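Scrolling down, you'll hit the structures one after another.
Each of the next two complexes has chain A plus one other chain: chain B in the first, chain C in the second.
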Partner chain A sequence: MARLTARPTPATAPWRALVLAAAALYFLVPLAASVVFTVDVPGRGVDLGAYTRILDTEGFLPSLLLSLELAAATIAVVLLLLVPAAVALRLTAPKLRPVVEVVCAAPLVVPPIAFVAGIGTVLKWGPEHLSRTPLFQTFVAVQNPDFPVVLVLAYAVMALPFAYRALDAGLRAIDVRTLVEAARSCGASLPQALLRAVLPNLRGALLSASFLTLALVLGEFTTAQLLGFRPFAVWIVNISGSQAQMSVAVSVMSLLVTWLLLLVLAGFGSRRTPSSTSDRK
Partner chain B sequence: MTPLMSLTAPAPDANAAPGPADAATVELRGLRRAFGTTTALDGLDLTVRPGELLALLGPSGCGKTTALRMLAGFEHPDSGEILVDGKDVTTVPAHRRDAGMVFQSYSLFPHLNALDNVAFGLRMRRVRTAERRARAAELLELVGLADKGDRFPHQLSGGQQQRIALARALALRPRVLLLDEPLSALDAKVRLTLREEIRRLQQELGITTLFVTHDQEEALSMADRVAVMRAGRLEQCAAPAELYARPATAFVAEFVGTMSRVPGRLLASGATVEVLGRRLPVDGTPPSTGDGADVDVLVRPESLGVTVDRAGEGRVLGTSFLGATVRVSVALADGTLVKADVPAHDAGRPAVGEPVRLTLPDRPVLVAPRAT
Partner chain C sequence: MTTDMTTPPTAAASCAAAAPAAPAAPAARTGRRAGRSGALAVVPLLLFTAVAFGLPALAMLDGAFTTRDPATGATSYGLGNLTASWQGAYLTALVGSVKLSATSALLAALLGLLLAQAVVTSPLRALREAVLTASGVLANFGGVPLAFAFVATLGNSGVLTRRLGLSDTGWNLYSFWGLVLVYLYFLVPLMVLTITPALDGLRTQWREAAQNNGATHRQYWQHVALPVLAPSLLGGLVLLFGSAFAAYATAAAMVGSSVPLVTLQIADAISGNVLIGQENVALALSLDMVLVAGLVMAVYLPLQRRSARWLA
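Our next item is the complex of A and B:
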């Protein structure tokens, strides 16, 4: 297969170019149009004012930082939840896999609106009934606008289907059981075996799970807006009402920010970790 | 051979048996294990002597892997015990069992190169980097892959991967080496050379080894003793020559090597059998089916003689050339199919369809109850 893709026969080459061109047009034309719209001020030629103004606009940095923090927390929660579960599933109860698959796909079926409505109801109902218990404080803390934990929880659920798929693909590519047993017969305890023999081979999968979660959190609007928080996506929508040109500029920029972050993540992942026995010079 | 010596040298025990280089004795006692309704092991008893290579042979699903995994600590018996040097290790977790294992599937850690794979166990034991490297390099040398240390598993051939896996299993100087069909994924030629190499290494290191296989040729050619298993139990454990010449049961007889069943009649005393028109003594204890009972006489293809004879009761169904010999399939009058080997250079090689007469040498024969 690899050889087939590497050396296209002359007959298929024009097709490839055509498909590539079509895809490029589809993606690049709207992007280019957005860029042109933001820099081209009628009568004054090219002007980068829209971009410089972003930085001065109230709420830009806090909302971007909030989104990044939420993304980091969500990635941590999702991976800590999913990795042990998926590995344990392969090692001890392969028959439960379909069940877990369905559970992890469930968030895709529930419309975000219904999901938020549910969360909202709980958040309202909770304090009313629990006002005299210590749980009341929990409800308050969870909704702290500086770092709304409730959003992390909601995002973790929403990211579950994507992260699980990514992780499952990674696990499928290795023989977890044999790797663990090989490590154990080499004198590694079970935690050591998982840490040293399984996790390093899941790096690609962990990375793509993180990718997908990051992209989801940075772009999520409905939940945050309806629960009254103000991460990056909500901020963009809010200012777009007042300043059309700048809102497009912000969108273009958020796209670039996301790409940059993904690139950083990818670079982080593809770097070879120096293996301790042989690569030390 | 100095590096080898260092590999085999656990501190000599004061009261150690004078076995080769202080090798371990392994005893499996009454091991039983059921998975749901399938009984994988049904009271397996087996003793592996110090420093020997014991092949565990048996048809698919007879519990070989389960037995090996129990010894490695990956599987726990429902009942029975496992003793290494007389000490019960049944409850010892896998990583403290002191057993190196080579798996049937490729099991190298994909993220580590060959050297690091071999050094993995040493790293788990917190051996210092310099020492670790030296030992790993030494082991790679031992399996003849000293120059492949920086290759990753996906850059190595199957045979090379299994060699590295062998080196990895030997890195911690285990008392017992467990091999679960390590050659079954390899092609025939690599299999042969690796087979010899494993045997050579095992003998040099004098390590007690259990080798699981369902290839009888592999078992017979490599092992000091072969244990034949059937449905979770031990059928017979004997040296290859004895197993071949004097199989204890009809199952062993037919599983090890090729065996044909020729119909015969047990005579009065039960010590003589009438077969192919002659009377021959019965080898071992005959089946207790009573006088004049119909039995099957078990014969190896090489002990059957084939002569072309118009009055012969057999008819040649087919021949296949095996190099030094030609295997002739003969149908007897009652339809029984019998295989016989005749020397390939024999001029009187029978042709397909020719009537032939089968002859047996004047030796005691094995007898089994008539197969229905």
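Our next item is the complex of A and C:
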């Protein structure tokens, strides 16, 4: 503390320390207690069984794989839909910007649970009204429990607002029009210009959009549970009744992984804009 | 060889020379063509949202206003579901959700403001970075893992509950205040993220000017800082409320249905845990939620724009 030259106002220092200590306590104790809960078996001392048995537990790998597949598909869908649209808005179709912004913000107004209620209703149309039409096969196919396409659709909608914001921020930082014109005047075709001049400059934004989507899909519970599918988060809840320690152990692990992802993302974010943070006094 | 060497500069020069002199007509033509292809690039996004988001939204609207006569099975449009969603257990759940969200949002706003102020005025830069990064992570953290972390800590057989003998004192995590305690875990960081830019926007000169004019610490806060912060504070509060109101996974994994919440009611009705034929009431409840969320956004966005004026 002594070598810090900034002026600490001594009169306010005690309350600051108190607030920070209370915050640290509140945010760290549940995490620490969770770890203790998983390794401390009453009457037997420290036991890492909850962690070593994770891999052997029935349903762990399939549900995790399903979640990862869903995440990969959702990221692909979101990026394929958003990147061309966001670039086009900057480049040639600025008039459509309000439309796209409203469309990409709309999912924020519909809470996930309300969205699921709507999806469930639509899915019921299949057996109720369309059982004699070829569309019925589509309804069956999107609900295939091995790979529920309907979840990809739902997750893509839920990820749109966040992914759009990330991409838009990335595009704002570069001058798309100048980049494309420069590439074109050097003889590149439009696709070449987009693929080799614009996309590489968007790497950070693409990564952050993907990370946000990945975190969303891995942790998503509401939609999957209510539509009757069993990806990772639903599996954790399902085993919590019979194996409480294991469910907490898996929660802790998934937390750490998600946080690692988000921290990597935060690292990317701050590395890309070093000037804005160092300018502040 | 020499011609090859000279060609690029010439081409570039001619290109540069031609650029300003280029007639407007071709530019406009390519512009229009590009505009059309630009619109084409947006179409898939619009089509996708129309199907994946528009269809469920319409289905929800349609179902919310469709009542089915239990005797004849005939359906008709009406307000029956909506009125049902404002009565009895459903009303209790709506009120419960509003109470829980308002309580936790108010508490989180207050605590978040304190924490953010502690961090912003702290001379330690590393602390500031650490808290902001952690807030970014924790604000995104909710759902099942959060619920289980708290169950393991303060649940019936949680680590702290057993060590401190909390159950003798009447502590119960699976209650209203238990949920508030858990919700604060992602709401406080959200508030820190929302309010920190506004606190950064409070200029030192304002405080100095107030002090030079003889204002006390309290007068500075009352007449300068809080009025400037008010839009951000309110905006943050509204955002927290919306966030808590929509939360489902945490509550579902933690309390089952011992606390009446509208999200839990909807889930029960969808999965047919209650009376058969209540699906449309669930849709009406969903519509109620959308209305609340829409209201939240309608309050939040203007407030955010207003607070942005001070931070420029």
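Everything that follows uses one rule, which is that the second predicted complex is superposed on the first by the 225 of 281 C-alpha atoms of A that agree within 3 Å, B and C clash if a C-alpha of one lies under 4 Å from a C-alpha of the other, contacts with A are read in each partner's own complex, and residues count from 1 in each chain.
Please note the rule applied: contacts are C-beta pairs under 8 Å (C-beta built on N, C-alpha and C of every residue); 3 or more make two chains touch, one makes a residue touch a chain.
Not measured: the values here are computed from a predicted model.
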| item | value |
| --- | --- |
| Partner chain in contact with A:G120 - chain B first, chain C second, else both or neither | second |
| Which superposed partner A:A197 touches (first chain B, second chain C, both, neither) | first |
| First, second, both or neither for A:T138, with chain B first and chain C second | neither |
| Which superposed partner A:L108 touches (first chain B, second chain C, both, neither) | second |
| Which of chain B and chain C A:Q243 touches, first, second, both or neither | neither |
| Chain B versus chain C as contact partner of A:I174, first or second or both or neither | first |
| Chain B versus chain C as contact partner of A:V29, first or second or both or neither | second |
| Touched partner set for A:S185, first chain B, second chain C, both or neither | both |
| If touched residues of chain A are counted for chain B and for chain C, the larger one | C |
| Shared contact residues on chain A - chain B and chain C | 185, 277, 280 |
| Residues of chain A defined as touching chain C within the complex | 4, 6-9, 12, 15-16, 19-20, 23, 26-27, 29-31, 33-34, 36-38, 40, 77, 80-82, 84-85, 87-89, 91-93, 96, 99-100, 103, 105-122, 125, 153-154, 156-157, 160, 185, 215, 219-222, 225-226, 233, 236-237, 240, 244, 247-248, 251-252, 254-255, 258-259, 262-263, 266, 270, 277, 280 |
| Touching residues (chain side chain C, partner chain A) in the complex | 12, 15, 31, 34-35, 37-42, 44-46, 48-49, 51-53, 55-60, 62-63, 111, 114-115, 118-119, 121-124, 127, 129, 131, 133-134, 136-138, 140-145, 148-154, 157-160, 184-185, 188, 200, 245-246, 248-249, 252-253, 263, 266-267, 270-271, 279, 282-283, 285-287, 289-290, 293-294, 297 |
| For the chain A and chain B complex, residues of the former touching the latter | 174-175, 178-179, 181-190, 192-193, 196-197, 200-201, 203, 275-278, 280 |
| Chain A-facing residues of chain B, complex | 72-74, 93-97, 99-101, 103, 105, 107-113, 115-116, 119-121, 123-125, 129, 132-133, 136, 149-150, 165, 168-169, 171-172, 178 |
